[in-house]
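As structure tokens, here come the structures.
Shared between the two complexes below is subunit A, which has subunit B as its partner in the first and subunit C in the second.
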Partner chain A sequence: MSGHKADAKALLDDRGYSGPLIRGENPANLIEKPLQDRITETYYWKEQCFALNEASLCDRAVDMNFIGGTYGQQKASPFLCLVFKLLQLQPEREIVLYYLHNEEGFKYLTALAAFYIRLTFEPVEIYKALEPLLSDYRKLRRRRNDGFMITHMDQFIDDLLTKDRMCGTTLWKLPKRQLLEDLELLDERVSPLADEIEAIDNENDDAREGDESREGSDYERRNGANGRSRSRSRSSEGR
Partner chain B sequence: MADRKAPSSAYGAGPAGDTDFRKTWNRDEYAAKAAAREAKVKEEGKARYEAKLAGKKYIPRAATPPDAKETQSRAERLNVSANVGKTMLVPAGAGIGKRGRGAGFYCPDCDLTFKDNLQFVDHLNSRQHLANTGQSGEVRKATLEDVRERLAWLKRKREEEKKDEVIDLKTRLETRQQQDEREREERRRKRRERRRKTKDGMGIKEEDQYEGNGIIC
Partner chain C sequence: MPPKRMTANPVRPARYRPGKAVAEEPSSSEEESGVEEEQEEESEKPTIQAPPKATSFPKEATKIANNLKNVDLNERRRVAAAQEAARLEAEKAERAKQEEGFVTEESEEEEEEGSEEEESESEEEESSSEDEAPRKLLRPTFIKKDQRKPANSGPDLKAEDEKWQEEEEKRKAKADELVQEQLEKNAAARAAGKKNWDDDEDGELEQVDDTDGVDPEMEYAQWKIRELERVRRDRAAIEEAEKEREEIERRRNLSKEEREAEDRQFIEAQKAEKEGKGQMSYMQKYFHKGAFFMDEAKDQGLDRRDIMGSRIQDDVSNRDLLPEYMQIRDMARLGKKGRTKYKDMKSEDTGRFGDYGDRARRGGSGGRDERFMSDRERERFAPTGANASEVKERRREEDTPERSRFGREGESRREYSRGGRDTYVPGHRDSRYDESESRYSRRDRRSRSYSRSQSPRRDRYGSERDRRKRSVSPANESYSHEKRRRVDTR
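Right, the complex of A and B next:
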């Protein structure tokens, strides 16, 4: 059985790299090059991330107590170091999904796996894996340059799905959910808040009914309401 | 020369009796050795040729010893502050280069001294150090089962740690007091023991005991 290399020398070799590829590229390049250098020069990377495998990585992930990109003098956070380590290890799919839904309830491990999934999985799989976590409201500490702030798991996941920059690095361009729905690769997402939003919309409609009573407006309004509820559902849930 | 008869006398007087002291050679063993060497040279030549065809430079490399261990992650943090406040005697000329024992972070396996922890940890991760400590530089690949076990263990560990945690201030103060009392009792016991050991029963003067008064370590 072939093992992992203890250090990331093979991964960082950008001319002679011969390992598994992700979308035809060296997985290290999913993190921006300057950030790669910042990660590999941190003491945490050298001391704590040396010779980790999929199991011992859990020890470090469990000890983590914040997420974030860089802080202080552009120092890479342990979260990023572990993401980079995961990119080196390329764990099997089942292991990553086990990290994501770990029944022991280690939330930073979940966040770590979510970030890794966003970087490496295929678009449809990303949506399928991460969207269930939009109803996970656990708190997360996020470290920024000017201190800590509280965020939540659902917000973090929502940012991963919608934003293009997270944790000091650019995420690769994920196709919009709407596009995948149109291609019939994904089913339409049913928000857990859908009932409430519908109720609010109905109230609004009732109020508006009195003002305008044009013919055919009913159809328009329904479509408009649908469009609005879809766009609103995620953002209102994310907060 | 295949005949392996006993050497005969120079004067044709039958087998010589006075040449027994000469070294006799085990020809088969040396033939095998030569064949092995030839095969090795041939193999290296082939590797060299193949590397050249692939446009790479051939770098001869010693084989990994068969008893090399797999590299494992650090079980605990490096204790870089272990020597803070200690006085050390270093040999003259220790300040030049890394070789040998000097002031700083010393690696006993490689007999090198480093001036800061970043250099030291870089060294601990280096091929040189791994080879000197008999590690292969490869890490075992974990399976899903390993991961599951590990996480279950971590969960148990965390729960056990939490059990000792008391939030009530009063109980915390009490446990702290008990702990202090126990430590004091221990110290008293030790002092009494020392006093009994000395002949006059006066004990050893305290100032001779503390660390760092002379050159220690």
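Right, the complex of A and C next:
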């Protein structure tokens, strides 16, 4: 924070950025270059995002009304401007997690923090931080070129975890969850609806008990699989 | 007095220029009011009587307008004056009632005022009585400084001024109100959260409502659906991965032949599929399926469609029936500039590739005309021309290398080394180099004769040599001898 200036000149300096790096790169490059230009050209950035720190950023985030990438004639949304400001500030982990789980109920601040986490954290931490939010179904206003639409927080998080491009920029490539599970870095995801799913599966199984089930083996595997690690490693297969 | 204008042209009305006061020469003179009236009367009469001339700017129109204006003003003024007078009288009466014992300058002044008014009134009346037509201006009479009153600006004008002031004030008030409203609006908007940089979407934002808790049950149900969908998607992914792994294992466990058998089957299936696809009809337009919307196409079930050979509704079934100009792939380009006449490769091809069915006979020359014979034909009747005759008798020893094969090496060598003959035989050189190798190679080469020419096998090389007029050096010792001799004798 010692070199932190009020404006983002140091961040945007192509010749030599000497601040803290993320994955060995200038954090500004986590957002595509054309989009960076759009962000720095908006009035919102010029007026409101000057000399922000983590606390005043919360004030701005409270005033946010929608999430989105660019709309209209290539105009960057305030959401993106604040994301970019966060990339410049690079707040500490605890602060970001506080944003994520803020008790005041500012969902757009949560969304902002989620986006930042998706860009900057390590894969395992991303999954660990964002997956609890998959049970949060608050509404979010999302703005696109043709207007507004309603999306939900869990949908937003799901898109963050699975899609390549969100909010007008390409997200850093995230390894698939399965890969991490295979590497034993992550546990399997237990859905909050796990019990209900099991119940449904049991019903399905009962219904099909009479016929010869083509996927019988799969069903059995699935049935007992919730909460138990499935045999997916190659060593377990017969050779 | 000379006329004002030096021309004899009729006086045309002055052009109307907005903002500029209209100069009315005949009617604006204050001195000759009487004359003016007379003139007005005169002008009025003829204007009424004479029919209006058909000009773009009728001469009399301005005059009429002016006169009308004058009339109005005067009338108004008189009415106003009368009203003012009445008012003042009333005031005076009131004041007289109120201040009964006050015989001060005021009353004197009032009296004077009154008298002056009366004077002016009488003047007006006089003037009006003098002239029946209404007047525009009062004749200015000189009043002494003591007797001048600021109120003498005229009650009518005063009234006008007041009115004007009132109107102005009203206007100002309105403007202030408007400004006030605007400011209040701005403040309210700012208070409501509309920022300065947000220049758009006022109503749209509120239309899309993002308040939670409007219908908790429904929201929960929707979330449940989404969550189940996600779980299903994850499971499907896992299953696919499993299947792939199984497949890999299975193939590993098969023996090599079985693997090959499976591969062959797969390839054959692919080929069958390819053949099963339709052929492109003649000059069908080719639509590339593109790289970007594959997912959308897949959603709609269109990723496997094949348009080769399919009939399109607008398409002509048999393009050959069309005139040549219309036989094109893409009818959208018909008639457009820059369309080349390129049809297809085969018709544009200028070569005859692969079409050599009639190469056996090449037409042959009809007669024995030398000029039209090909070289091959000519060879038949060679030698001709300068080489028609041999220069020297030559023994044909070229036959010997052909005939002699490996067995007859010694003989041939001996024959070669004998002098007095043209020993310039390629084989001669062989004796100097490695005999076996070169002999074999040379002879074999010559005997094998790699040329494919179908002409009757003549010893070309020999005949070439034979054709020379003079034989080449070593045999021509005599010649060189002569040369030297010539040099010596000098």
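Everything that follows uses one rule, which is that the second predicted complex is superposed on the first by the 210 of 239 C-alpha atoms of A that agree within 3 Å, B and C clash if a C-alpha of one lies under 4 Å from a C-alpha of the other, contacts with A are read in each partner's own complex, and residues count from 1 in each chain.
Going forward, a contact is a pair of C-beta atoms (placed from the backbone, for glycine too) under 8 Å apart; a residue touches a chain by one contact, two chains touch by 3 or more.
Note that the structure is predicted; figures quoted are calculated from it, not measured.
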| request: See if subunit A has more residues touched by subunit B or by subunit C, and give me that chain. | output: C
| message | On the A-aligned overlay, A:Phe66 touches which partner chain: subunit B = first, subunit C = second, or both, or neither? | response | second
| message | Per the contact definition in the header, classify A:Glu104: touching subunit B only (first), subunit C only (second), both, or neither. | response | first
| said: Output check: A:Tyr43 vs subunit B and subunit C. Expected answer is one of first, second, both, neither. What do you get? | reply: both
| task | Considering only the touch criterion stated at the top, classify A:Gln90 as touching first (subunit B), second (subunit C), both, or neither. | result | neither
| task | Give one of first, second, both or neither to describe whether A:Asn29 is in contact with subunit B, with subunit C, with both, or with none. | result | neither
| Does subunit B (first) or subunit C (second) touch A:Ala51, or do both, or does neither? | first
| message | Quick check for you: in the superposed arrangement, does A:Ala6 touch first (subunit B), second (subunit C), both or neither? | response | first
| request: Could you pull out which residues of subunit A sit against subunit B in one structure and against subunit C in the other? | output: 43, 47-48
| message | Give the list of subunit A residues in touch with subunit C in this complex. | response | 42-44, 47-48, 63, 65-66, 72, 107, 134-135, 137-141, 147-150, 152, 154-155, 158, 177-178, 189, 191-193, 197, 218, 222, 230, 232, 234, 237-239
| said: If we count contacts the way the header does, which residues on subunit C are in touch with subunit A in the complex? | reply: 193, 195-197, 200-201, 204-205, 207-212, 219-220, 222-224, 226-228, 230-231, 234-235, 237-239, 241-242, 245, 249
| query | What residues on subunit A touch subunit B, complex-wise? | reply | 1-7, 43, 46-48, 50-56, 58-59, 62, 92, 94-95, 98-99, 102, 104-106, 109
| remark: Touching subunit A in the complex, subunit B uses residues 70-74, 77-78, 117-118, 121-122, 124-125, 130, 137-142, 144, 146-152, 154-155, 158
